[in-house]
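Report on the following structure.
In order of appearance the chains are A, B, C, D, E and F, and numbering begins at 1 in each one.
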Amino acid sequence: MADLFTVNKSPFEKNSLENAIKFSTEGASILLIEDGVYGASKGTACESMITGAAGKKFYALKSDLKARGIADDRLIDGVEVVDYAGFVELVCSTDKTQAWL
Amino acid sequence: MADLFTVNKSPFEKNSLENAIKFSTEGASILLIEDGVYGASKGTACESMITGAAGKKFYALKSDLKARGIADDRLIDGVEVVDYAGFVELVCSTDKTQAWL
Amino acid sequence: MKLSVQINEGPYQHQATDTAYHFTKAALENGHEVMRVFFYHDGVLNGTRLTTPPQDDRHIVNRWVELAEKYNLDLVLCVAAAQRRGLVDDGEAERNKKNATNIQEPFRISGLGQLIEAAIQSDRLVVFGD
Amino acid sequence: MKLSVQINEGPYQHQATDTAYHFTKAALENGHEVMRVFFYHDGVLNGTRLTTPPQDDRHIVNRWVELAEKYNLDLVLCVAAAQRRGLVDDGEAERNKKNATNIQEPFRISGLGQLIEAAIQSDRLVVFGD
Amino acid sequence: MSDIKKFMYLNRRAPYGTIYAWESLEVVLIGAAFDQEVSLMFADDGVYQLVKGCDTSESDMKNFMPTYRTLGDYGVRYMYVDQASLEARGLTADDLIEVAWEDWETEEEVDNIVEVVDSAKVTELMAESDVVFSF
Amino acid sequence: MSDIKKFMYLNRRAPYGTIYAWESLEVVLIGAAFDQEVSLMFADDGVYQLVKGCDTSESDMKNFMPTYRTLGDYGVRYMYVDQASLEARGLTADDLIEVAWEDWETEEEVDNIVEVVDSAKVTELMAESDVVFSF
C-alpha cells in the first residue's frame, strides 16, 4: 500500500494540492477536506491538477462538500465521496497519513 | 494620490502579491511586509510579478528583509527599503491602506 | 488500530479542530483506539473553560470534554505552546505566578515528549492544521 | 494624522501582531495620533494576562501594555470574538458565569461598533492579519 | 470630508474553512447602525461565500448563508463579485444567491444587488472607497 | 515493526511570518531524547528556514538559526532540501547553512548533513518514513 495525503487548502489559494500530487507516489490516495474540497469541482481552472494526475486515487469529504454547496454532479469523474468513517478507513488501510497543509 | 497595498504573504505560497498588483490602480504603492518580502528577491520564479508591473511603486520593510537574510544586493531594482517610520509615512501620504492578506 | 491525533489550530478561527473532532469521534465509534489527542501551536486554545460561543453555534471545547468522558480520551496540551498562549492549570499558575487558571478538565498540560511517544506507540499519527 | 489599527491574529502564531505593534509604536513616536487598536478574530488573544513566553523571547502582551501606558492607547477586544475564544473580564465573567478572568489591563472588551467608529473617525484604518 | 464614508468590505476567503467570512459578516451587521455607504466585494475564493445550496448540517457548523440574503435590510447597497474569480472556479451568476434591497423611505426596490463586475471595475470600486476592511 | 521508527519532520513554511518553523524545531529538540531515526525535509517555502544571514535584531523576534546548526547534536542525521523549491526561489546550496554531525560512539563525522535532492528523491524519502510530522 501507499500513503494517504490530506489536503485542506483551496487549490486557488495555495499550492497544497498541486504539491501533494507531485510528491506522492504511484498508488497514493489523496483526500480533500475542508477548503480542499474545492479542488474536486469540475470545470474549474484547477481541474487538470486532478484529471491529469495518473495513478493516484482522489477522495473528498462529504460533509465539507455539502457545507460548500458542491453537489455530486459537479464532481470530477473518479473522485470518490467519503464520510468520516471512510476517512478513518482510509487512514487505517494506507501505510501512513501525511497532512499536506 | 493612489492607495497603499500591504502584502504579507510569500508569492510562492499565495497569490496575494499577484492580485494586489492586478487590482491596484496606476500609481499605487505596494509594500511588502512579513513573508511578503520574499517577493522582493531577484532571480526567483516570481520576479516578473514585480519587474513586469508598470506604473506601480514597490517597497519592502527593512526589518523583515533582515530577519529573512535578504541582503540589499539581492533586491529587485527599484524596490525601495523602508523602516517602520517609512511604513507610517506611506500610510499617511497615500489615500488609504488596503491589507491584501 | 491505535491512532493518535495532532491539532495545530485553535477553535473557531480554523476548521482544523472541527475536522479533528469528527475524525476522532468516527475512529472511536468504529472500534479503533485513540491513544492521545495532542494539541500543539494555537491548538492549545481548545482547552480553555472560559469560552462562551453563541447559543446557535457548536461548543467546541465542551464537545471534546464529552468525547473524552465517553471514551476516556487523553487530551494533552503542549506546555511550551500553552505558556506562550496563556493556557494555565494549577501547576502552571503556581510555577509562573498567575492568579487564575483557565484550563478545562480533563485537558491536561504536558511536554512535547507526549507527542513523540504517541507517534512511536501509535499505528498512525494524523495531523490537522492550517 | 489620526490612525486606527485592526489586528486579526493572536500573538506568536502569526507575525501580524508584531508588525502591528511596531507600526503603532512608530506612528506614535512620529507624532501621529492612534485613536484605537481594535483586536478582532484571534487577535483578542493578545489581551490575556496569563501568558508566560520564554525568557529569551519578546513578551507580546506586556509590550502592548507598556505602549498603552506611555501613550494612553485604547486597546479594545471585540466581545463576540472574545467570547468564542475565552477572553474574559469581570463583566463577562459575571454575565457568562465564569469563575475566572484572564484579561490584562488596560485592554478592554467592547463591541464591534468600536471598530466601525474608529474607521469613521480616523483618517486611516490599517489592518494586520493572516 | 463629509460624515458619510464609503465602506468596502473585501472578502477574499472561502467560507467555513476559516471563520473570517462569518466574522466579517458580523461587522457588516453591526455596522448597519452607522449610516455609511456600504458595499461588499467578493474576489478570489471569497466568491465561494455566495454559492447557493450550502448545507452545514453534517459538519455541525453554523450555516450563515441565510444571513447574506438579509444584507439588503442591513444597509448594504452593493454586493460585487469579481468575474475572473468566478470564471476560474467554473461558476456563473446563476450559482450565486440573490439579495434583494428596498429603501424604506423612498420605496425604491432592487431585486438583486449581487452584481458580477470585471477586474477593471473591481479596481475602480476599491479605489473609490474611503475605507476597505480586510479579514 | 521494530522499536526504531523513521521520523520525518516536513517543513514547508517560511520562518518568522508564522511560528510553525520554530515550534516544529522544538519538537525535534525534545524528540532527541527518544532514539528514533530522524530526518528533516525542507520543501516549498520551508527551504527559507535554512537561508544564511538572518538577523532578527530589528524585528525583535527570536533568531533560531543557531539552533538549526546544532541539530546534528540532537540526533538528526539527515536534512534534505528539495532542489526545485530552492531553484524557484533563486537559491543554491551555497545560500544555506551547514550542519555538522558526529556519532559519539563510532566517532564517524560528517561535515554537512544538509543535502539538496531532486523531487523524485523527496517522494522516495517521504514514502520510506514511518511517521511524517506536519506543522
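Convention: a contact is a pair of C-beta atoms (placed from the backbone, for glycine too) under 8 Å apart; a residue touches a chain by one contact, two chains touch by 3 or more.
Just so you know, these numbers come straight off a predicted model, no measurement behind them.
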Both-way neighbours, i.e. chains that touch chain D and touch chain B: E, F
How many steps does it take, at the fewest, to get from chain E to chain F if each step moves to a chain that touches the one before? 2
For chain B, which other chain has the most distant CA centre? C
When A-E and B-E are ranked by contacting C-beta pairs, first place goes to A-E
Which chain has its C-alpha centroid farthest away from the centroid of chain F? E
The distance between the C-alpha centres of chain B and chain F, rounded to whole Å, is 29
So the centre of each chain is just the mean of its C-alpha atoms; given that, what is the distance between chain C and chain E in Å? 35
Please tell me the distance, in whole Å, between the geometric centres of chain A and chain D computed from their C-alpha atoms. 38
Multi-chain contacts in chain B: which residues touch at least two other chains? 8, 12-13, 15, 34-35, 63-64, 96, 99, 101
Which positions in chain E are in touch with at least two other chains? 16-19, 44, 59, 61, 131, 134-135
Could you tell me which residues belong to chain D and also touch two or more other chains? 8, 12-13, 15, 22, 41, 54, 57, 80, 125, 127, 129
Every chain pair meeting the contact rule: A-B, A-C, A-E, A-F, B-D, B-E, B-F, C-D, C-E, C-F, D-E, D-F
Within their complex, chain A touches chain B through residues 12-15
Looking at the complex, which residues from chain A come into contact with chain F? 2-3, 15, 19, 22-25, 95-96, 98-101
Under the definition above, what is the set of chain E residues touching chain D in their complex? 3, 5, 7, 19-20, 23, 26-27, 30-31, 33-34, 36, 131, 133-135
Complex contact set, residues of chain A against chain E: 8-10, 12-13, 34-35, 38, 41-47, 62-64, 66-69, 71, 74
Give the list of chain D residues in touch with chain B in this complex. 1, 3, 8, 15-16, 19, 22-23, 25-27, 29-30, 32, 123-130
